[in-house]
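Shared between the two complexes below is subunit A, which has subunit B as its partner in the first and subunit C in the second.
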Partner chain A sequence: MTKGEYYKIGFLQRNSSKIFNVTVYALLIVLSSPIVLAYAWLFLRSFSTGMAHGFIPTGLTFSNWRFMWEQISGLPNVWHVTFNTFILGGSVAGVVLLVSSMSGFALSRFAFKGQGKLLLLLLMLHAFPTVSLMVAIFYILRMTHLLNSLLGVILLRASMDIPWATWIIKGFYDGIPREIEWAGAIDGYSRISIWRKVLLPMVKPGLIVIAVFEFLSGWSEFIFITTFIFSNKWWTLSQYTYTALGGYRFADYGLLTAISVWYILPVTILFIFANKYMTQMSLGGIKG
Partner chain B sequence: MVEKTKLRPFNKALPWILLLPLVILVLMFYILPIVITMPLSFTSMGLSFKWLFVGLENFRNIPRDPIIPQIIGNTFIYVFFTLIVFNFGMAVLLSLLTTSISDRWGGFFRTLWMLPRITPSVVYGLLWLWIFDPSKNGLLNIILSVLGMPSQDMFHHNPMLLIVFANGFVGASMGMMVFSAAIKAIPIEYYRAAMVDGAGWFTMVRKITLPLIRWHLLFITAYETLSLFTSYQYILIITNGGPVNRTNVWALYTYQTAFSDFKFGYGAALSLVLVVVGVIAGLLYIHNIHVESTSGNALEI
Partner chain C sequence: MATIKLENLTKKFNKVIAVNNVSLTIKDGEFIILLGPSGCGKTTTLLTIAGIYRPTGGAIYMNDTIMNDIPPRYRKIGMVFQNYALYPHMTVFENIAFPLRTVKDISKTDIKTKVEELADKMRIASLLERKPSELSGGQQQRVAIARALAKEPQILLFDEPLSNLDAKLRIIMRGELKRLQETLGITTVYVTHDQSEAMALADRVAVFNHGILQQIGSPEDIYYSPRNIFVAGFLGSPSMNFLSGTRLIKNEGTAYIEKEGKKLVEVPSKNLDKFENAPSEDLILGFRPEDCKIVPNDEIGIPGKIYLLEHLGREVVVNIEAFGNIFKVIADPESRFEKEQRVVLKLKPDRVHLFDSKTEAAVF
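And now, the complex of A and B:
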């Protein structure tokens, strides 16, 4: 063996973990690059006059954001639509919080017949794809006069997420020692007052997580809006963006990206400030 | 378990009163739709919303429908390739890579891959319209021109590839998170022992990691197959099944039959398949949660 060869093997051996790390990072960066590039483009494009070579902003402009102060043909007033979106997000969060905090309490703190079966049913419903029931849901909404109404979409979206939220909040209730409840009972509280005055404040972290996630769930809802809402009086930003996408696809990226950035603003803020919670929770909330 | 009912004697009805809103919503938006879908599929219900029972007519029409063979072919291609390349393949790769580096950076890359999932679907659709933009402004064509290759019009040449990519970048994150959690639960001693024996990364992945997470691999494969089969949201936004049904799949065709052609009876018949798939997915999910809770693996990033 010559000295040179010996050195070469030694180099590889000494640096094998470094080489390995660089390879892993390089692979991850390459694989993730479409995501990074696409989101970077979205933000840059919304503020630029155009893109040289598709990716380099040519100049700063706010004219892409004209939908905020001008009428865009084919689209309703964006402020009205944004208001509807807020109502949808807020109401979905409200309904889910109310229903899941009640049912989570019942499932965690009472022993009753059918409890185990109900818990399993909720798990199963969580994994069940709602989209396969659209035809029947359309019929039910029509029967109950909830078609073309935000209330219908609010109840529907909330119902889809309640099985998940109930499981989450039940976990939080389960973590509270029973002695605390007994203490409340000795003080003369009823079960309901114990729930309201003792347990609810203690599961607040869980309620906050559900509120945030459900607001976003309502905020992002698309299929139910586009299927069950007919009048643009009740449009939300998903239908607004979808319609803009239909009218201006490949043609006016400036307008489309500006609308999109406006639409994902709350998501972005939450992603930056609470991404650890968000990713954990959204994984629980997804149906795959 | 016993003492909680004994806390107060009048509590028998109380849990059900608390559960009432949940029960009403579940009945209204899950149970009732599942029950209604069946009789609905035996009618020719259209925009008149009349229950005209036509027997097995709808089910006889499915094999006669001239688009159905193409729809079935597309569905197979869509599910198979999205699953193999992304929801399974990419998920395994990402979980192996992100658990091989520091937890901080591994978590960073996993968070990055969660981004498509929490982005509203219409905005996410726009990103892919740009990436595959047929003009030279799209990301793909920018990269191709840098490499000195001619521009591609994926929307006409290979629209299904576009759909697979768009769905895959969302779909990979579920498997990635499940596998990463499972890998992190493997005792580090196994790897230390293997390293003492001189095993390299690939050997350790093959002989330790993959065998130990095989149940998770199996679960994700089965569950993602079923959920891909029933998903159509991103296809609807990006191509709406076009051009001329080349990206149309069973779930989207069901949706279009009901809500573009307003053939609710036929739509219900088509969606019965999806309901069955959904029930299987639900049972599978329960089963897996049971396995998870007994093996003590908790999901975390």
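And now, the complex of A and C:
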């Protein structure tokens, strides 16, 4: 290879990655622009009196946000509903974390008959569309007196998500060498305290991912709420927003956008804080 | 301190027998090495002593108390693993303090004093605030040892502790380990596949193969009087040379080992009575690379020709082709040899080993 060729290749190598990056970013920006624009519009509309030509705000107002301090006819108190939503999201996350952190450990560490099949079944369970189970669930809830109760929805949502969460956290446990547990046993700890003091901290990134996703799962839960909750005392923000959108009395887009922004705001904040752990998970678990 | 006794110890995993009927006694303060190739059952034996595995059969005694069903945390042991098994989410300080936190009524200042004392001893005092991922392999090793020593164990267990270190550091740590064990006088069981490590460190070496204890003895015992072909071949580098298809002949009152009509080496008369319980045909002759001389010509010896010369600085390893085998012989680097040169290997009669090819057991 001559010197000239060498530099030419060097130039291409150095710049091809730059060209590649620019192309990728451009493509991603184009692809994601509808979503970004939609959210931007939503946010702007919630603080403006109207939109000229559909996208230019005409004036600043807070009246769209009046649902926060006024009673809107046909809708329950938004603070109460928001509180319910937090309870739902938090409880789903809590229940799923509690169960999956243990079941994932068991599946990772204890060899038992039919383990492989059980793992497959777990994945299959997650693949079932929830809607197909609605009638059966209705009967179960009625039998257990959990109809029209937030607890019922919490347990339902959690049970639907536990297989997925178990699968995820099992992967994290799999990455921990046995010797670490053995060291704990020799250092004087019982099996349960090794799990609590050594293993749980090591799978923390996985637990955080599950906590975030399960909080979201509860936060955005709609079908169980709309089907199994009959009193607006137990409404959550999904039902609240849906009712606001669907109610024929409203053509008030300002109010609707403000409610929507209110609904997505906590989730956005959560993602900003959990971002670090989310990217860690996609890289595949624990760093030594 | 502590003695350990294994009595017919057996460990099976499903149908695989990892440790087969092993009996051995470890004296108080002794440094014993379990040596063998991978999969020979040495690590399983160690983990059974630690209490991580439960024996399938037989018994483990510590200080004459049966320990089979006692969980690891009650065994007063410290252990260092090959991958160090440090807790990645804890600092070095926390790692060393972790075992101490299980001690009843220990105060925070006591823990701190103890950790600092151990860190001083292992020369990692400046690293206490670091996480294991920020340490080099050698430093992690020191932390692991400090952690193992934290609760002042009666027994120290090492599972291939040096094999993740580079060659130079391994030699340094080897010396330090030996020194540490001698100062503390803690009964130590140490697993390795590296025969030179075993020779350098051990009071006694237990050689394992296929889950069976092949031989136990001082490094010298094992090296100079191997009980079978496996032990003979496993220790020493380059390893022992073997020549099969040899037999014993007697000629005018002197006994020789011969092959294809050629007298290879004289048998010392003190070894002759060992043939009472052994065959005199179909024997395997064994000799170490350092136990022979290369001469231009001789009546008695292994005739061959030089195949390859490996210059190692301090010595030269001469590869000699004879009877279709390649024998490795250590020679003085000053000596002048050439490839293809015809030579005779003159063995030291009292250093030669002979094995029964059927049982692979040593005749002498």
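Here is the rule we go by: the second predicted complex is superposed on the first by the 231 of 288 C-alpha atoms of A that agree within 3 Å, B and C clash if a C-alpha of one lies under 4 Å from a C-alpha of the other, contacts with A are read in each partner's own complex, and residues count from 1 in each chain.
To be clear about the criterion, a residue touches a chain if its C-beta (ideal position, glycine included) is under 8 Å from a C-beta of that chain, and two chains touch if they have at least 3 such contacts.
As the structure is a computational prediction, the values presented were derived from the model and not from experiment.
Peer 1: Would you check which partner chain A:P177 touches, where first means subunit B only, second means subunit C only, and both and neither mean what they say?
Peer 2: second
Peer 1: I'd like to know which partner A:A258 touches here: subunit B for first, subunit C for second, both or neither.
Peer 2: neither
Peer 1: Which partner chains sit in contact with A:M202 here, subunit B, subunit C, both or neither? Use first/second/both/neither.
Peer 2: After superposing on A, A:M202 lies in contact with subunit C but is clear of subunit B.
Peer 1: Is A:W219 in contact with subunit B, with subunit C, with both, or with neither (first, second, both, neither)?
Peer 2: The answer is first: A:W219 touches subunit B but not subunit C.
Peer 1: Where does A:A185 make contact in the superposed view: on subunit B (first), on subunit C (second), on both, or on neither?
Peer 2: both
Peer 1: Applying the touch criterion given at the start, work out whether A:V81 contacts subunit B, subunit C, both or neither, answering first, second, both or neither.
Peer 2: neither
Peer 1: First (subunit B), second (subunit C), both or neither: which does A:R109 touch?
Peer 2: A:R109: touches subunit B, not subunit C.
Peer 1: May I ask you to decide whether A:I72 touches subunit B, subunit C, both, or neither, giving the answer as first, second, both or neither?
Peer 2: neither
Peer 1: Would you mind checking which one, subunit B or subunit C, touches more residues on subunit A?
Peer 2: Subunit A has more residues touched by B than by the other partner.
Peer 1: Residues on subunit A in contact with subunit B in one complex and with subunit C in the other?
Peer 2: After superposing on chain A, subunit A residues 182, 185, 190, 286-288 contact both subunit B and subunit C.
Peer 1: Which part of subunit A faces subunit C closely enough to touch in the complex?
Peer 2: 177, 179-180, 182-190, 198, 201-202, 204, 286-288
Peer 1: Hey, which residues of subunit B end up touching subunit A in the complex?
Peer 2: 1-5, 7-8, 11-12, 14-16, 18-19, 21-22, 25-26, 28-30, 32-34, 36-37, 40, 49, 90, 93-94, 97-98, 100-101, 105, 109-123, 125-131, 133-139, 141-142, 169, 171, 173-174, 177, 201, 223-224, 226-228, 230-233, 236-237, 251, 254-255, 258-259, 264, 267-268, 271, 274-275, 277-279, 281-286, 289, 299-301
Peer 1: What does subunit C use to touch subunit A in their complex?
Peer 2: 47, 50-52, 71-73, 75, 77-79, 81-83, 85-89, 98-99, 102-103, 132-133, 147-148, 150-151
Peer 1: Where on subunit A does subunit B make contact in their complex?
Peer 2: 20-21, 24-25, 27-28, 31-32, 34-39, 41-42, 51, 53-55, 98-100, 102-103, 105-107, 109-112, 115, 118, 120-140, 142, 144, 155-156, 158-160, 162-163, 166, 178, 181-182, 185, 190-192, 216, 219-220, 222-223, 227, 237-238, 241-242, 245, 249-250, 253, 256-257, 260, 263-264, 267, 271, 275-276, 278-280, 282-284, 286-288
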